[in-house]
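You will see two complexes here that share subunit A, one where it goes with subunit B and one where it goes with subunit C.
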Partner chain A sequence: MMDFIQNFPFFSIVMSLFFAVLSSVLKPKFGEWLAVFSIALSTFFSLSVLFYTLTTGESFTYMMGHFPAPWGNEIRGGVLEGLAATVFDFVLLFSFLGGRSRRKEDIPEEKTKYYFVMINLIQAALLALVYTNDLFTGYVFIEICTLASCGLLMIRNVGRTTLATIRYLIFNLLGSGLFLIGISLLYDITGHLLMENIKTEVASIVSGGQYLQPLLVTVSLILIGLAIKSGLFPFHFWMPDTYGYATTSSAAILSGLVSKAYIFLGIKVIFRVIGFDVVASTHILNVLFIFGLAGIIVGSLSAIRENNINRMIAFSSAAQIGYIFVGIGTGTMAGMVAAIFQIFVHAVTKPMLFISASRLVDVSGGKKQFSYLQGSAHRNRLAGFAFTVGAMSMVGIPLFGGFAAKVAFATAAVGDSKRMIPTILVLAISTVLNTIYFLRTVMRIYMPAETAGNPVARSGNRWPFIFAVTGFAAVNILLGVCPGPVLDLIEKGLSMFG
Partner chain B sequence: MKKNKFSRFFRWIEGGQKDSLEQKIDTGAEIRDGAVPPSSREKLYALLEAVPENRKKMENMEIRSFNRLYQVLCVLVCVIFISVLLLTVSYLPRFGGDHNPDNNEVAQRYIENGVAETGAVNLVAGMILDYRAFDTLGESCVLFTAVTCVFVLMKSLSSERTIPLTKDIMYDMSNDVILHQVVTFLFPVIMLFGVYILLNGHLGPGGGFAGGAVMGAGLMLYSLAFGEEKTERLFNERTFQVVSTCALSFYCLSKSYSFFTGANHLENIIPKGIAGNILSGGLILPLNICVGLVVACTMYGFYTLFRKGGI
Partner chain C sequence: MLNNLAVNYEEAVAMILFGIGFCTLLFHRNLVKKIIGLNIMDTAVYLFLASMGYIEGRRSPIADPSVPASVSAFINPIPSGLVLTGIVVSVSVTAIMLALTIKLYKRYHTLNLDEIYMFAKNEDIG
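Right after this comes the complex of A and B.
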């Protein structure tokens, strides 16, 4: 007889799917409560899974139905899954709360209930991508994730978001298509969709020598497909419009969570499907490494040239995704740990930046250009404080999350003779570039305004915003001050993967 | 300011000072709700008049050379990608071979024990709705997500409904005698055929996705021939919501029960019946009905949302 806690991943996935269906017929007010309730409950579930797997010291699989794994579907819970699900739920909850006031202005009232449907669907998809132990289940929920993200984007109906959605959809479908071709080739040469079984088959392919060429193509297609979906350098052009013009919660969720979930699935594929050693022996990691480095530089340079605060933050996302792929591309365990740590740090930082920036824009008459934002931090102190914390973390000032991530990257690169110099060089350059555009913005918002701004009179509840922003800032500083335990957890989780 | 290489940099240091052309070129200046945007054609004309002749020529040349490069690169990338994939296919195991990797214990159990374990004669139905039901639950939710997205995109707000519906077809079909007669005859047949495919899913080829598609097509044909008003008596937004919500909720809850009992090794009280009977296969028949209803609603919903912005 298994422990009851092992049901929790399944509960949280099916619950959010069911609530999505339910909130399509409920009144928006109830839909909103249902979404908050579902995310909060699932945060609790994920935390329980994390602690449960920590105490038992091993991962568990959960049979979806009456048939055991290679025949039926299966999901899996481990330390890393529990940790990722907890972080994703936490960020989802606070992004959802933090964008509440903008949501009322950006979304027509008749369509509001569909927003909550999309939130529930995104939650189900994120959790399923984290917990899945079957490649095809992963693909199904990638589809849900892609479509629901498009819904979150275009629900704010200004021309620019429609254009951004089309662009986002094209890039994402390209990525999904490559991923699907990859898994069908993999099925053809291994005969399995379940992760463990594929891994044993892949090991026999590598030792037997047959089908080595298709295996190489498969690995490249899957990883490149997921990299395109998460916005790695040459494919980051959908980012500025997508994040820049969507309503605040959507921008926060898309940048903080959706692109991270694809990378998380990619890491799962590397460790649990193909095998870390096999992937490290192909050259695909070098490709990811180089494009990651290029992404860091290009993203930061584009951010410097931006005059619109939301688009600037969006371009900095491209740079941060670059860091993650540099970590993966080092091909060492330490690099992977650093990459996952960066996923978490970025997931708690970027939504905070979007939420606080949108509040700063609100108190500056709805203008997103820097000249209008002058002095806005005095008009809304908390938003200014949160933006500063986010900016410090992005730049990599000690005591903030970003610093811990950068230290992790640097230490990961030190052991490797070939990759050390480019990594450290790019880290240094990008720190300078980040300083230029983030601290410039921070100085700008704290500069006394020449003319008094015309703050928008804001009615409604301020607490969701305060709650969200302080939560994000606290977690960010916590990650920066003591990254040790989290790094240990990630390491423990990765060793369970293998 | 002195015009040199760094002028842009200095202008940027000064902060926020705009490029003189920025306002004119950036058509993406955000349209706030309520403000009436100038039409894009007007903006384009204003832009063309504002730009001096030589600049226009230069830009045209730039665009032309960019387009040429773009086309060349497109073809190049596609050719490389296609040849890599074709080369990969040539390395793959031959289709249908005896010793292919996918001829393994997974397929063996599906084929040998499928009927006994799921109660469905149609092995595919048994696979998608019993062995791998979680994936199919996800797929039905993909359809639901898609239709919700189309709602978000196409549903016209009550304030925007200005175009009379009859004006948007060149030729009003609702007075066509031939179409009326044919549809009067065909509609019941199509619907019956759809229901047959739906209910027969666990016994032979067919199932929810196929049957639902046939039923959805039937509804579209009816709506084309007799107009929206008559169809709305049969199928309106409320029907749509009730049917799709009930179907998906039933799917979620019944499968949750089955997942939960399966994973916890509890007794499943749903009888499998005798394979080959119409009432057999455990949950497969009701699930097929649910999937079929969702698919039919989704197809008709797409049609009518694109047609008039509401169901």
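Right after this comes the complex of A and C.
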């Protein structure tokens, strides 16, 4: 009976693909509920996979179609896949609900139902990227993810979002082009597309000493392609426009989930396709490390100069992606655990910031500049509170998720003589920079806006928003107060990868 | 080194084409030429895959029921399958790019990305 759970990853992917087709012919009202239902059910599925793999203590592969291992296509479930899918589903659900009020204003009415189609598609793509055990399937779902993200962006029909979409698409296509040529080369030198089989072949290539250079080129192409897609410095220039002008749910999903799914696939490639030791012995991780450090500084400096709240949060995403790559770039197990933990923390923090910022903007006459936002937290208390929680987590105040992630990074860097000093230095600088721009914003929104005899007009919140931000804030604080269990799960999952 | 290039000239050409396409997609300011670059880049990958899967003197992998099938008679079918999948992907991506380009052209009357950016920057949409 328990083994039935092995079907769940497949069910959740196919269910969301099916619902995508279905909601294109349904009325928007039903399409919306269908999307919520689909994400909620798939959260349950992902949780079941997590508990199942924890109980059995081992991962499972699931055969797609009628052909066994070296020929057929496979899905794989393990502790880390279950955990990542659960977090992604949770964040997707709350980002979708939290941006509900903005959707009515940003999306033309006749196109609303297509938004739900895109939500279902992106859910399928995210889950497939998490669960896939086949590199070419990974490529196909990368492209589905890219196209669905473009749909989520351009549905707000103004010039700037169209322009942002095309720039986002161009950078993503560069990244997926590199990924595609990378896996073609890898197929060429190993003759396989399934992750386990490639890993066996790679091990024999490395011990034989032949084709080492093509292997290095392949690893670099795949990892750099995924890094471009996730917006690592210097390829982060599309971020402010993309996240800054999209409708709230889209900005939250794109910054919180889509870029993380590519990094998750990259980590899967490092562990399950090439092998962690092989990747760590090349210098490609050093390149990611250095660009990660540069991304942290450049992203934060650009955020300080921004005068538009959404663009500021977007630039801070560039810095946070930098953290993840610094973690990967340390080339140690502890660094990888820290990077994955940062993926989760950022996935629950950034959407909360976008959602609460959009409500603050709503009560400030729709203007995103800081001068208009003054005192907005008094006009919408819950949004102000949620923004503060997110900002505290970004800065790294103890008891919030961001603090636990920073501690994990610092611990991972200690003991590595070459990387310790730059990592800790950049962590310190970035904390100062984050403090400048996030706490400046928090102070601004809490400034008294009330003038004598002219009380502030309070604005109420609908239940989806309340539900979403309390959920996000609770998880954020939970991750900050007791990160231990999650870190243990990540470690367990990574050892299953190996 | 040169000898290797001469033997694998199809792959070498594919890599050069990939580079040309990649640079066009990255650096060219004209949107239509960017799309052309994208297609050159993708086609280069298909050329690479197809030439890798081809084995001199063998037939396409379609089994004839009257003749007993033998692995040694056919070329590797998987790269061809990957090329077909890749073509489907690149067609849909090109369609979206073209649609966006038309939309931008109707609005700003230019295909130059820098100029579009300049115009769009001055719009205040909040």
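Just so we're on the same page, the second predicted complex is superposed on the first by the 484 of 498 C-alpha atoms of A that agree within 3 Å, B and C clash if a C-alpha of one lies under 4 Å from a C-alpha of the other, contacts with A are read in each partner's own complex, and residues count from 1 in each chain.
Here is the rule we go by: a contact is a pair of C-beta atoms (placed from the backbone, for glycine too) under 8 Å apart; a residue touches a chain by one contact, two chains touch by 3 or more.
Because the structure is a prediction, the values reported are computed rather than measured.
Applying the stated contact rule after C-alpha superposition, one finds that A:I290 touches neither subunit B nor subunit C.
With both structures placed on the common chain, the touch criterion links A:C150 to subunit B and to subunit C. Of the two partner chains, subunit C is the only one touched by A:L173; subunit B is not. In the overlay built on the shared chain, the residue A:M420 is in contact with neither subunit B nor subunit C.
Judged by the touch definition given at the top, the superposed model places A:V158 against both subunit B and subunit C.
In the superposition on chain A, A:I181 makes contact with both subunit B and subunit C. Counting the residues of subunit A that each partner touches, subunit B and subunit C differ, and the larger count belongs to B. In the superposed model, A:A280 makes contact with neither subunit B nor subunit C. Once the two complexes are laid over each other on the shared chain, residue contacts for A:V206 go to neither subunit B nor subunit C.
Subunit A uses residues 136, 140, 143, 147, 150, 154, 158-160, 162, 181, 187-188, 245, 366, 368 to touch subunit B in one structure and subunit C in the other. Residue ranges of subunit A in contact with subunit B, taken from their complex: 1-2, 6-7, 10, 14, 17-18, 20-22, 24-25, 62-67, 70-73, 105, 108, 110-111, 114, 117-118, 121, 124, 128, 134, 136-137, 140-141, 143-144, 147-148, 150-151, 154-155, 158-160, 162, 181, 185, 187-192, 201, 211, 213-214, 217, 245, 304-305, 307, 366, 368-371, 374, 440, 444. Chain contact summary for the complex, subunit A toward subunit C: residues 136, 139-140, 143, 146-147, 150, 154, 158-160, 162-163, 165-167, 169-170, 173-174, 177-178, 180-181, 184, 187-188, 193, 245, 361, 366-368. By the touch rule above, subunit B contacts subunit A in their complex via residues 12, 15-18, 22, 28, 30-33, 37, 84-85, 87-88, 91-93, 100-107, 109-110, 117, 130-135, 137-139, 141-142, 144-146, 148-149, 151-153, 155, 157-158, 241-242, 245, 248-249, 252-253, 255-256, 258-265, 268.
Taken in their complex, subunit C has these residues touching subunit A: 18, 21-22, 25-26, 31, 34, 38, 41-42, 44-45, 48-49, 52, 78-79, 82, 85-86, 89, 92-93, 96-97, 100-101, 103-104, 107-108, 113, 116-117, 119-120, 123, 125-126.
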